[in-house]
Structures are given as structure tokens and as C-alpha cells.
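Across the two complexes that follow, chain A remains constant while its partner is chain B and subsequently chain C.
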Partner chain A sequence: MFKVLYMKNKAEINTEIKKGDKALLKIDDISLSFVQYTSGLRQTELKVISKLSMEAYSGEILAVVGSSGSGKSLLAHAILGILPSNAKLEGKMEYNGQKLTQEKKEEIRGKEIALIPQSTTYLDPLMRISNQVIGSVEEKNEGLMKKTQREIFQKYNLKPAVDRMFPHELSGGMTRRVLVSTALMGSAKLIIADEPTPGLDENTLNETLSYFKDMVNKGCAVILITHDIKAALKISDKIAIFYAGTILEVANVEDFKNNGENLRHPYTRALWNALPQNKFQAIKGHQPMQDEIIDGCIFYERCSKKKDLCSKGIPQLKKVNGGMVRCNNVS
Partner chain B sequence: MKYKKLGIFIGKKTLKLISLLIVVCLASFWIVEQSPIDPVRAYIGEMSIQPEQKAKLDEYWGVNTPPQEKFLNWAENILKGDFGVSLIYRISVFDVIKERSIASLILMASSWLISGILGFVLGIIAGMKKGTWIDKIIKTYCYILTATPTFWLALILLMVFSVNLGLFPIGLGVPIGVTAENVTFFDKLQHLILPTITLSLLGVAQIAMFTREKLIEVLSSDYVLFAKARGEKGFDLVLRHGVRNVALPAITLQFLGFSELFGGAVLVEQVFSYPGIGQAAVAAGLRSDVPLLLGIVIFSALFVFFGNLIADIIYEFIDPRIKQQEATI
Partner chain C sequence: MYLKGEDISFGYEKKNRILNHVNLSLGSGELLGLIGDSGSGKSTLGGILSGYINNYQGSVSMDGKKIPSKGYNPVQLVFQHPEKAVNPRWKMKDILNEGHAVSQDILDSFGIKKSWLNRWPNELSGGELQRFALARALSPKTKFLIADEITTMVDAITQAQIWDIVLDIVEELNIGVLVVSHEKKLIDKLCHDVVFLDDINNV
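Presenting the complex of A and B:
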């Protein structure tokens, strides 16, 4: 009962914010591949993201849900422009109505776009925490930044002693809070959180998720990259289903109920029904490997509703019921 | 807790030092014992003497006592602080080492510092500009240098700068024909420059290559990626994260290089006739000055040991990560 009410409330708030609102980040058909050398001097291209489209709105949490190792982090790195040099990125990205080029990314990352990384390895092992969180600033601003940092730490219940600690001295929960703090130091409008939840106990998990709610309430757009669909459903407004390097469906949170009849893609439905509290049924097969070349729909092999058409060409992206889907069965 | 750890550390190191010295003394004593050079002959020099007189001298010096007894006698004196008298310089071994090591330490310290700083800077530049022409130049330079024999480089520098250009003296530590009180600081400096350059140039290669590799590793780490994601870039990023993470292992390596520094100094001093400990070692070896040779062996073992000890201290007590690990045990 409570849950339904809560969801209804959220839906209302969302429609309010979204009214006449344009997407803050618009990703249109991007593909990402790596050039690799195999056996001697033969070059091959390893495609890790193909034809991926999604949109992130201010005041909304968009969860990108997919299994581990499917290239979700690379999506985050692609948005920030911190891909390795052998990566090839194609397609269009728009930020705030402007084309998001590599130069633009370098200009606004850390200022308007903030990343919340996965683990403690993203902190410099030899730098004290407060210096890391403050980051590289001009000397005259240092006092002010130090104050801001202290305030944020206070809010997240990080004691003054933490300021002078080194990363290895932090507990898992503290590391998480420190990493989240880094995103709040600037005036970021778009926050990308890369797997912020694994390994957290129920309390810390809820606490971490509540930080993202705070950010959204302040008007930020949050992209939550995770493999934990349960956590994603708790706080997100929209869920993008990431499968083998592409997004098969973007669904509203309200669509995830009952037997998933409101869900648009067979894979999303299968994922929903695989959850323990639902039918607890797994589907056969596994995600295609990155070096497999697939002509048709990427889910073709495992789909229960496949048609001849599905093996020929990638299905068009369609807008259905306030969401998006790549499936020939939906109209 | 902290003092207990320090106590254990010092205790362990002292034990190590004692066993090291015993082994070094035994080994070098045995090797000298096997040497075909007759110490009495070396002592007499070119003078011709009767076989009977020679036999008397042999007996006086104890040439025919068994090696074990010789060793024990010598070791006993060492423990009392008596290193004996040098056969070639005719003064106490301790005084020879003291006088010679000051000259050598100045040479080694200056080239150690120069090679360390220069190597580190070159390594950082090469690592930052990985794959560009400047990286290739630095890499090639390092590869060539690691393949260069010390004495050969010393000879080349000597030929170019002293013989052909006449910029520096041919050798020795002070000018010839000048009384000790008239030797100026500038004179000493001028004699020091070429040997220092030789040693520095060669020392650069190892530290530069190490710094380069380490920096490349650091630059591809998660935390540098995150720093980039937060808008840090260019030289500032390398300074904030790169230098910080590379400096400690690089300094450690530089201290571990003490042994090579000592080996290099022996050759360089020989070529430049620089009156240091290395040259004394060569002279002692060639002319069978056993007390001096053994004294220098002990001195150099101590020197290298303390270099390694400093590296260990940096590793165990200065790196905050190691400090923390110990604290949690």
C-alpha cells in the first residue's frame, strides 16, 4: 500500500519538473570500439557499445542496469571523455542542447559533470582525503573549498579526523561517502555514479541511495550505473536496460510491477521475472561475447518471441508508452 | 607499539650487519690468502735482499703461521679497533681510509644527487610524453648508457674535455706543485667535475627508466582516471599524483644503488687518478697491502649496508601504507 502511494507521489513530482524540460544529456546512437592487435600485426575492432541511445533529465534518476562486465563503466567514461587512447567513439552526444565534443567534455568535466567512481582504487593512495576531495584548486579559493568540504563531510557524518587520513585507512562505507562527497564539491548538474552500491549492507545501501535522492532534489540529473536492479528500482525514475553493449529498453519505474506486462522488451521481462521475489525463473543462454558479430537483434538467440525479421538488422528504436525500446514485437 | 616495532627493526638489522661483516671478512681474508703475491716481497719493494734475511722477515711478519691463526689474530685486533698499518702508505689503515673516503664521499654524494635528480626529471618527462620523440630520445640515451662501460666513458670525457679542449685537469684531486695550504676550493672543485659527470651520466639511466615505467603505471591507474574525470589535467595532474606516487620508490631505488655507485667510483677514480677510496683499493689489491685491502672491504660493506638500510627505513617507516599495515597487526 505504502509503496504504491510512494510511487504515485513520485510520478506526480516528476511530471511537474519535466514539464517543458529538455534532456540535459542526450545520447544518440553511440558506438564504442577498441582497436586491438591479434596474432601479429592483424588489427581487429572490438565493439563494446553499439547503437546506444538514452536521455538524462534534470531532477531525475536514470538507472542503467546491466550485468557486470557488459561495458557499463565504459559508457560513463565515454560521457566524460576519459577513454583510453585506442578507443573509437562514434555517434552524437548533446549536453544542455550543445554538442558534446571531446573538447567540451574536457572543459566541463569535474565542473558540470561529476563522476562517482566504484571503489577506493580511484583515490590517490598517498594523498590525504581532504586534499583529494577538494581537488586541484587555486590558492585563493582553498580556504573556501576547505570549508565546503568540511560541511559536506559533516553532513555525511565523516569526522574531522577523516580529513587527514589516507584512503587505506577508510572503511568501505566511509570510502563510499568520501567518493560521493567529491561529486558535491563543485556545482555539478549531471552526476554519473558508477556501481555505487555493491558490497554494502542494507543500511549503508539505503543511506547511499538517499544521497542520490538529495542530489536529484537539488535539481541534478543522476545517472546510476548498477547491476543491482533491486537497488535501482528503489530510487530511480527511469530504468535503462543495458545488454551486450546497448540499451534495449528505457522503462519507467512504474512499469515494473506484477508479471511485467507493462514492460516492452522480452529481456526486461525475463530480468524482472528472474528476481527472487517474482517468479525466480532464469532464461537460458548468456550474453553474446564482445567479439561475436551479430547482424540482427542482439537478444535474438535467447528471445522467446523471435521472428525471421529479428535476425536481419537491428530493430529500430521506438517510443512506446513513455519509454523507449528496440524490439520488433512492439508497436 | 611504535617503539616496539622500531626496536625489532633495529635488532634485526644489527644481527644482519654482524653476520654480513663476519662473512665478508672471512671471504675476503680467504681470497687474499690464496693470492700469489708475496706480501713480504711487496713490502720490501725493489730492494734486493739475501734469502736468509727474507726468511727472517717472513718469520717476523708471521707469513708461515696457519691461516686460521692469522685470521683470528687479525679479527681480534679489528675488534679492538686496530686495523693495522698500511704496507704501501706506511700509516695506519684507519687514517688512510679516513683521508681517502672524504674525497670519495664528496665525489659519490655529488654524483648520487645529480644522477638522482636528473634521472628523476628525465623519467618524468619521458613517462609523461610516452611514445613521442622526446621519450624516444631519453629512452635511447638510457639504453646506450646502460651498455657503456664506466672506464670507457671516463676515458672519452678525459680525452675530449681535458686533452683536446683543455677545460679540466687531466687527473688527481688537487693541482700538482701547489702546497696543501695554497689549494683553493675552486681547485678541488675543478678536479671533481669530470669524475662527477662520468658517474652521474651513468647513474641517470637506471633511475630514469624506473621513473618512466612507474609514472606510466601511475598514469594508467584508476585514481589518475578519476582525477581526469574531475577536471585535472596536464602537468598539474602529473605533479599532484604522478610525482607523489613515483618519488618514494624512486628514492628507495636510488639508495639501493649505493653498491653500483661504489663500484663505479673505483673505476672512475682509477682513470682520473682521483685520490679516493676506490683508487686505494686498487692499489692495495695490486700491491698486496692486505691490511688496507681488508679495511677497505669492511668500509665498503658498511657503506653499501647503510645505503640499503636507508632504503628499508624509507620503505617501512615513511610510506603511510606500510605504516598503517603494521599498525593493524
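Presenting the complex of A and C:
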């Protein structure tokens, strides 16, 4: 009997660390809109995310790639339940097989789900570094927390003197490491990193990216929100292509090669071919603005393969070659 | 015509110089890449060349003459974050025409739509704002452009679009461009020549 229990435990641990077959976080057709006042008491609804689906697995890095200002950060805020009060969120989210309601989000955020914020201004300027890193988790045992914090700092090459510093005394790279440490203090299973890399040079970039690899090796699921497809390709397992408030394709990293013939969506292919190391080729047009209402496929205007069908209704999400895509031209 | 920075030294603090005896020369119509790690002083050098930072040592000259501090500056600087380079309380049309009346040709080549002109800055995306910032800087009187990480924050397609347009315009107007970036691949694609700041900086 003892042995059976032991086996069961081991099996459980294994599924936690190895890539699970069940998604840790499952997002199904969510839409997000903001209610705004236009003139007087007249209200309009501004849709910023529409019909977005994705899944994050333990032991995997999922990169969400899209241009700045396209609403990627709002996705992170929706998962954590920190949206402003005029936001309206529809659709289903599941965490670890359970429905992720606002109450559930409030319960597990900071514990099981951690956010690594985009800006280095998220640190409290009047608080010493070690206090804020420890303060980000529940007060159970301060001595133990202090020890853990020191160990994590040591690992990231932050000297003991850093503990007592204030945020303005840190360099950009150090601040980044401190923010990463806050996510590791707790026992987070899902880590959402919001634009952790802009403006970093090659060395600091690689260093930051290696932290995420560390987390994944510990069995976490990482969602890396970025506009830098090059950085995403370096470390991710899967790449979700975010365009005008929705995800057009989820591709495996191996699909990004040659002329992008393995990619499923024409936008992804265009994005790949626009990289300086590839063809540096631009396609015409702009991402639709948030207040433009589009009936059909959101990429319709710019697509070279559009058909009549594409202007009528959003294409169904299809599973193709181990990835997902919303395009009528793919079967 | 040449834009020259000679023997330039600068430090934000007295003890800590980040630029030390730097020399740099940029010719009309030339595309010169400037690469360096973050914090190495790329943007500072760009700021000095364009007259944005004044309290440096050394000299900046255009064809041997000092650049006048009054009137339109022939050396224009465009930043990484366009949203920080526009007045949030001005409409886009006022922002656009702040330095000179931008010609319809330039608006067309940047694909700036009429309907954007009546918007506020926060109603446009970063890529769109950057087009405004560039159109505003590329007047017929502009001789040199310092492009400080101008496409770092946009997606790859917008990056290719923006550079496509800028390359056309600077060729037509014979403008020299200093392309400041940390992305070697981009510089390789764009520039005739490339300088590593570490090689010319004697700190």
C-alpha cells in the first residue's frame, strides 16, 4: 500500500514537471471591450480583444507576439483579473481544469500565477529592494523568506548590498533581474512576462531569456508577451501571433524557417519575411484600428489570398499540423 | 556635405564620462550604422550631434561651420518612443506641421491618412505615430537625420514599411542618416558602413 501511494506521488510529480498533455491555462474565445463615454451620457463600446483562444502548458514557453499598442498587455491583465472597472470580459478561461472566475483569479494571483511587469517603474521607489521582493508573497515566515530571497538574488548575481538599495540605485539590467526574482519567490506555476526585453542589448537580452528557460525547467508554464519575434524564436516552444486583438495562429518554433512555407497564416508568413535577416519585405496596409468594425477576417484588407468567403464572418479556429490557425485558405 | 563630431567628450556626472574623445563623420546621402550595448552612450551621441545636448566638450560642425542654435536645425533627431516626442494635448495635424508645412507627397509616401490628422496622439499606434514623427523631421531643409532606434518598438512588417519609405525620401533629398540600433541584422541590411561605439569611444 505504501508503495502504491509512493508511486502515485511520483507520478503526480512527474506530470507536474514534464510537459503535461492538459493545458494549465486554457483560454477559449475571450473578448474584451471597454465602455467609454463619447459625448454627454452617450456610451460606446471599444472592442480591444475579440475571439481570442490559446493554451499554455507546463514546461513550455508560449510567446504571444504582436506589435506594441495592439492590446497584448490587456490579455495579461485579463488573466490576472486586474482590468479597470469599465472593462467587459466575455468568454471562458480555465486554470488547471477549473473555471477561472474573478474570485479565483484574486485568490491565486501572486501565488500560483505571477506577473513580471513590463516597466521597471513597477517597483516602489521608496521601498528597499529586498522588502519589496519579500513583500510580494504572503507573510508566513519572514526568516525563511529572507533566506530564499538571498538565494535567488545570489543566483542572479545580485550582491548582498543590493538588498538594501532603493530602485533608483539599480541599473536597467539589475531592475529586470529583481522583477524576475519577485516571480520566483512564490511557488508560481504560471508566469506571465509582459515585454521583458525591449531596448536590451544582446548580452542582457540573452541573460533575461535564460531566466525564463530556468523557470520552464522547474516545471512552470511561461507566457512571454513580446513584440520582438526574434527574441521569442530564441527560447519559446510555441508562438502565438497576436494581430488586432486576436490570435491568428499558434505555430511551433520549428515552423519558422526558410520562406515560411510551414507557417499557416498569410500574416505570419509576411511577418517572417519582413525580418531584416530574411527578405526585409513589407506588405501594404495597417493593422485595423480598434474602432473600425470588421465583419470578416481581420486580415482581409491586406491578404493576398482573400476570397469572398473571407469578408463574411470570422474564420473558424482550426487545428493544422500541430498548431492552430484562423484562416479559410487552410484545411 | 559632412556632419562631423570631433573630439567629443561627455558625462552626465563629472566623475563618470560615458563618451571620451569620440570622432564621427557622416556624409550627405550616406547611411551609417551605429551599434553599441545599452547604456554605452549611443543616444547621448545622437543627442549631441543633433544639438539636443549642449554641455559637451569637443565640436559638432557641418561643413566646418557651427550649427546655428536658432531657427530650423538641419540635423533632426527621431526617437525610439514617438509617444514621448509629441504633445499629448495637440491634435496630430498640429504636431505634424510643428516644424514646417509637411508636403502632400511626404504624407502620401508615409501612408498618413486624412482621417488620422484629426486624432489625438493616444488614438494612434506607435507605428503610426512614428510615421508622423518622421514626416515632421524630413523637411526640405533637413540635411542629416539621427534615427535613434526608430523601429525598435514596432513589429517587423511596420519596420520594413517605415525603412522602405525613409530610404526613398533620404535618397531623394540627399540626406545623411545615422542609424542608431542594437540590431546588427537591421544595420547590415540598411547601411553602407557601420561603426561600433566601443571602437571609437575611449572610455
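Annotations
Following the convention adopted for this analysis, the second predicted complex is superposed on the first by the 306 of 331 C-alpha atoms of A that agree within 3 Å, B and C clash if a C-alpha of one lies under 4 Å from a C-alpha of the other, contacts with A are read in each partner's own complex, and residues count from 1 in each chain.
Methods note: a residue touches a chain if its C-beta (ideal position, glycine included) is under 8 Å from a C-beta of that chain, and two chains touch if they have at least 3 such contacts.
All values reported here derive from a predicted model rather than from experimental measurement.
The superposed arrangement places chain B and chain C next to each other on chain A without a clash. In the superposed model, C is the one of chain B and chain C that contacts more residues of chain A. Residue contacts after overlaying the shared chain place A:275 against chain C, while chain B stays out of touching range. Of the two partner chains, chain B is the only one touched by A:123; chain C is not. By the touch criterion defined above, A:229 reaches chain C but does not reach chain B.
Once the two complexes are laid over each other on the shared chain, residue contacts for A:80 go to chain B alone; chain C is not touched. In the overlay built on the shared chain, the residue A:204 is in contact with chain C alone; chain B does not reach it.
By the touch criterion defined above, A:304 lies against neither chain B nor chain C after alignment on the C-alpha atoms of chain A. Within the superposed three-chain model, A:283 lies in touch with chain C and out of touch with chain B [touch as defined at top]. Taking every C-alpha of chain B against every C-alpha of chain C after the fit on chain A, the minimum distance is 5 Å.
The contact sets of chain A with chain B and with chain C never meet. Across the complex, chain A meets chain B through its residues 77, 80, 82, 106, 109-111, 114-115, 117, 119, 121-127, 135-136, 166, 168-169, 182. Residues 66-70, 171-173, 198-204, 227, 229, 270-272, 274-277, 280-283, 286-287, 289 of chain A are the ones touching chain C in the complex. For chain C in complex with chain A, the residues that touch the partner chain are 36-40, 80, 111, 123, 125-128, 149, 152-161, 163-164, 182-183, 185-186, 188-190. Residues 221-223, 225-233, 236-237, 240-241, 244-245, 248, 319-321, 324 of chain B are the ones that touch chain A when the two sit in their complex.
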